[in-house]
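Both of the next two complexes hold subunit A, though its partner changes from subunit B to subunit C.
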Partner chain A sequence: MEGLRNDGRRWNELRRFHCQLSTSSTNSDGSSYIEQGFTKVLCNITGPAEPSSRQKVKQDSATVSCEVYFAAFSGTDRIKRGRNDKKVQELQTAIQQTFSSIILTHLFSRSEIAISIHILSQDGGTLAACINATTLALIDAGIPLKDYVCACTAGQSTSIFDSEGTSPDPWLDVNYLEESDIPSLTVATVGDSEKIVALTMENKVRIERLEGMIAVGVSGCAKVRGIMDKEVRRHGKEKLEARGE
Partner chain B sequence: MPPPTPLSPPELSYLYTSLSLTPPIRLDLRQPSQFRPIIAECSFLPHCNGSSRICMTEAGECIVGIKAEVEKDATTKYATVIEREKWIEVSVEVAGGGVAGAGSGSGGGGGGVGIGGISGAGGATGRDEGDGGAAVWLKEGLLAGGGGAGAGWSILDRLVISSGWHWKLYIDVLLLTPTSHPSPLLLSTAVNMALSSTYLPKLTSPHDIDDIPTFSDDWAISTPLYEPTSFPKPPISLPVVAVGDNVFLDPSVAEVAAAEAGLVITLSLVDEEGSCDVVGVRSMEVGRAGGKEGERKGIGRKLLREMVGACVKEAGEVIKGLGETTQKQMFRA
Partner chain C sequence: MPIQIIAPAPFVTAADEEDDEGGVRLDFDNEGDIAMDSDAPRRAGRQTGGIVTPGEVVTDDPQWMRGHGTYLCQSHESGSQSIVSSLAGTISKTNKLLSIRALKFRYVPEIGDLVVGRILEVQTKRWRVDIAAPHSATLLLSSINLPGGILRKRTSTDELQIRTFFSEGDLLVAEVQTLSNDGQASLHTRSLKYGKLRNGVFMMIDAGMVRRMKSHVLTMNTSNGGGEVDIYLGVNGYIYIAKHTTPLTESGGPEGKSVSITRLEEEASEAIYSNVNEEISPETRAEIARIACVIGALAKNGVKVDEEMVHLGYEAALEEFLQGMEWGGDGEMGRRVVEASLVKRREQ
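This part shows the complex of A and B:
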């Protein structure tokens, strides 16, 4: 069953994906900016550096710490989220755990890699955008990673059926309207291996729908990886040309 | 406490000497009234009425988002001024340092950043709870309105929707670079640009009806908060320092450390020739070339006048330049 979603996309189409590296050259070791539709996220990396506190010192590997800030103006209504907000903490933990396993932390013992993420505008897929932005910022900072970590969302409509009673294909890269309406999940994969490093879902969905959703999400991750890789190469080439090499 | 610098006493002394020469020599060879280049963008956040992003090489990066919400007047006959001032809420959030709360004016090291060490700002009792020093002086400049040709003009009048209803303006300032020394110029430039890119939806219900107002959802006919063609324009605050008899605009961190006196002067543009009104003056903490607190000298009347004069002379061009950039970016499509 083919049809168009309310923003005019087909079921397997991404929103406009725009990314930039080295956005703030002054005060961080690596930075990136990502727009996925109207979701806009900025990421800064500091490190590997001396840990800010003794607690963060690990003798044999680097500590990855993550701070997420929701700008008060990021949503439709103005909401201020504090440091201890549940949603903020959840995002921080998810990102920290994902990247602790991807960064080659054993190369930087007794140091800290601090990820600081600013969410400037939210329109669905916040976690996915944060993960993508972090990957790019880490690449910009020159921190060795196993491979790209790319994330994407997928949702499954539960109310639309065709004449035979089967539901349509899962939707790729859901926006805010879809996200609040249908069950959706965020999936992150490593490189083009289709290996999943992060998977979250906050709604109920029938078990037989789940696999389809994950499959669509993973295919989205591959598309995201393609776009990000292209941008990284373009950026690298530009840098080299600027240096006259 | 002035902002901490990595400079040693001999370095400071050298800097002090070169800045007090006639003509003075600045470290980066700028003219005394020359500004450093900035990166400025505006109107890039879809959920905001106005937004801007400013990057400065030393002071770092700042993002401002302005949101307007419809609110019912709480104004009674007896509390008009105080109630009306609550129509604008400014908050400054420093990444890593949390919200700049009360007492942030005292500056100091670590994550807690006093915005440019402006004295008195932290102590001023903000009418809005949790507002830090910077939020207070940013709002002060806004409320000051215009003199001269624009006398009697107030931003609050622009926020009136109809009888009984007004816009509540939330100005959220996000400082992304906690490790650096945020200059007052960075904040005020960002707020200035965000304000001039702020548009409010056009009212479609009649002006004199008390019911909930309705608005057109066509942004092409929305009304600007500050008319692009008329005056006053949004205010701007310029930091200025003095070493000996020399006055320097847009001082770097090192120059602030070496300076003897510092001011932050808030100005608003009043006419096309670029003449400005001073709407606020605050003193800024400076390093006095590492001198001791006891050696503090006051600012002479003549020097004070020179400092204000230098700002007034340059501010017109700065505000006009920012305004033009904003217009260009807004209507490039």
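This part shows the complex of A and C:
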């Protein structure tokens, strides 16, 4: 079919986005679960709490720490990723740095906010899903944030050129097949502001294409924010109603 | 290039017969800029239900002061300052102070709170106690009842024997005595009401789910031969449910015979720091488990726990003939008990 991607979406269509708050009732202060297509991520927040080690103590602000666990069955091949795996560490640093700037850490001196993420299934856009899940879990934990942080991926198909030589539309929210095929980037923005807090790309792409990819990614983030905000409000309303009884 | 993002197609099951608004729009070429933000809530727009979410402008009226859960944001165009929410929760106004109460939050200690805590670490002259707050609390050796009487002076022998009073992992009930300026609490147990906990079970719920009351120590008469059961509802969400022990008051010791004041304190301190559980009958154990399940179910269903609700919930659980430890975790039965107790409360 003309103009459709291999999973039947158009260039500017997101995958099914499902999110939930307060998914685990005990042993964490906030939790969330996100499905972006077949990418499934679970996030738990502990804190602000006493830091687990002395090195993490900052006198005037909270430290944000992040642990990412890949389930061995999450990808197409069964791979066990240890704590020192390069990909795991990269994800951890990306998430930790993104959220250190968004959480109002100065309110919690000498404490630690620990983010723990379990990736249950990977189908492209893992980092984006992790960032979205962390935002929701932090909101659930009642930790003050400047705004929502929403992430989305965008890819640029290179093989298709039309006759006039104009570049084809960038693809929004790439899945695993597309991600391994074409260059793609992950972009995270703060709220509605189109302010980018995280931008990663692991492939090469022609510089003229980059702007279009970022623009599509940023617009995708705005849409994701709308969906997440709706869920937060729905969850909040439900909780208030139960309390009002 | 005006970008239009199509919302993901909702998962449609065979039973769903709604028209899917968020589905694939085939007419996206014709209309340039529709639906881009159609379901994204507008900033500064008051939503129904009274919930604000992070990043939402609460007000840009300069007459309001910002309180907890908000921050000031300078807008780029007009240069005016607006108050922006940093939490998801409800707005509360105190005169001209705007603050946001989060739906769920960690316990913040306040002076006078009754808390249940667990010893994390023993230091030379104090203990560090986990009370579910951002910082662990401290309990000084000088703020506990020492054996041999309240008025006894603290000696270096006591420092050497610090583990005989509380050691790592021990549970205790205490009161917040002072707060340091970064919110770290210092506890005291200088009353016979407070001290080490034993003969029961520990459980934790969200800190916001315990209603502040006049007294946080309840004594309940249980049925089925369970006898009396003490419930320590810590304001920090830690709860201890134990077999009732006779409080050591001036009227006499556990045996009921009157003793002199000094003698009483010797007996009291010996009993207070014991690590050995008393004999607890199976009936009492069953009732303790039932109460634990009631409190767990109340918290899980978003009903604040207080004396009245514990009593009503317990009655409802008795009527449902529920037993054992497990049903509190079971959503269905827990909900039934909570609903039954809410009906009872309305009837009163």
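Keep this in mind: the second predicted complex is superposed on the first by the 242 of 245 C-alpha atoms of A that agree within 3 Å, B and C clash if a C-alpha of one lies under 4 Å from a C-alpha of the other, contacts with A are read in each partner's own complex, and residues count from 1 in each chain.
Please note the rule applied: contacts are C-beta pairs under 8 Å (C-beta built on N, C-alpha and C of every residue); 3 or more make two chains touch, one makes a residue touch a chain.
Bear in mind the structure is a predicted one, so any value in this text is a computation, not a measurement.
Asker: Taking subunit A as the common reference, can subunit B and subunit C both be placed on it without clashing, or not? Answer clash or fit.
Answerer: clash
Asker: Look at A:223 in the shared chain and tell me whether it touches subunit B only, subunit C only, both, or neither; answer first, second, both or neither.
Answerer: Second partner only.
Asker: First (subunit B), second (subunit C), both or neither: which does A:42 touch?
Answerer: Only subunit B is touched by A:42; subunit C is not.
Asker: More residues of subunit A are touched by which chain, subunit B or subunit C?
Answerer: It is C that touches the greater number of subunit A residues.
Asker: Just to be sure I read the superposition right, which of the two partners does A:120 touch: subunit B = first, subunit C = second, or both, or neither?
Answerer: A:120 contacts subunit B only, not subunit C.
Asker: Between subunit B (first) and subunit C (second), which does A:74 come into contact with in this model arrangement: first, second, both, or neither?
Answerer: first
Asker: Identify the partner contact of A:90: answer first if only subunit B is touched, second if only subunit C is, both if each is, neither if none is.
Answerer: Touch status of A:90: no partner.
Asker: One more residue to check, A:181. First (subunit B), second (subunit C), both or neither?
Answerer: The answer is neither, since A:181 touches no partner chain.
Asker: Could you give the residue numbers on subunit A that contact subunit B in one complex and subunit C in the other?
Answerer: Looking at subunit A, the two contact sets intersect at 26.
Asker: Write out the stretch or stretches of subunit B touching subunit A in their complex.
Answerer: Subunit B reaches subunit A through residues 44-48, 51, 55-58, 60-61, 63, 65-67, 69, 91, 93, 95-96, 98, 170, 172, 174, 176-177, 179-180.
Asker: Under the stated contact criterion, what part of subunit A meets subunit B in this complex?
Answerer: 24, 26-28, 38, 40, 42, 44, 67, 69, 71-78, 80, 83, 116, 118, 120-123
Asker: Note which residues of subunit C are touching subunit A in the complex, please.
Answerer: Residues in contact with subunit A: 1, 3-11, 24, 28, 36-37, 39-41, 43, 47, 49-51, 53-55, 69, 71, 84, 86-90, 102-106, 120, 130, 134-136, 182, 204, 300-304, 342.
Asker: Going by the contact rule set out above, which residues of subunit A touch subunit C in the complex?
Answerer: Residues 9-10, 12-18, 22, 25-26, 29-30, 47-50, 104, 108-111, 139-142, 144-148, 172, 190-192, 212, 215-216, 219-220, 222-223, 225-227, 229-230, 232-233, 235-237, 239-240, 242-243, 245.
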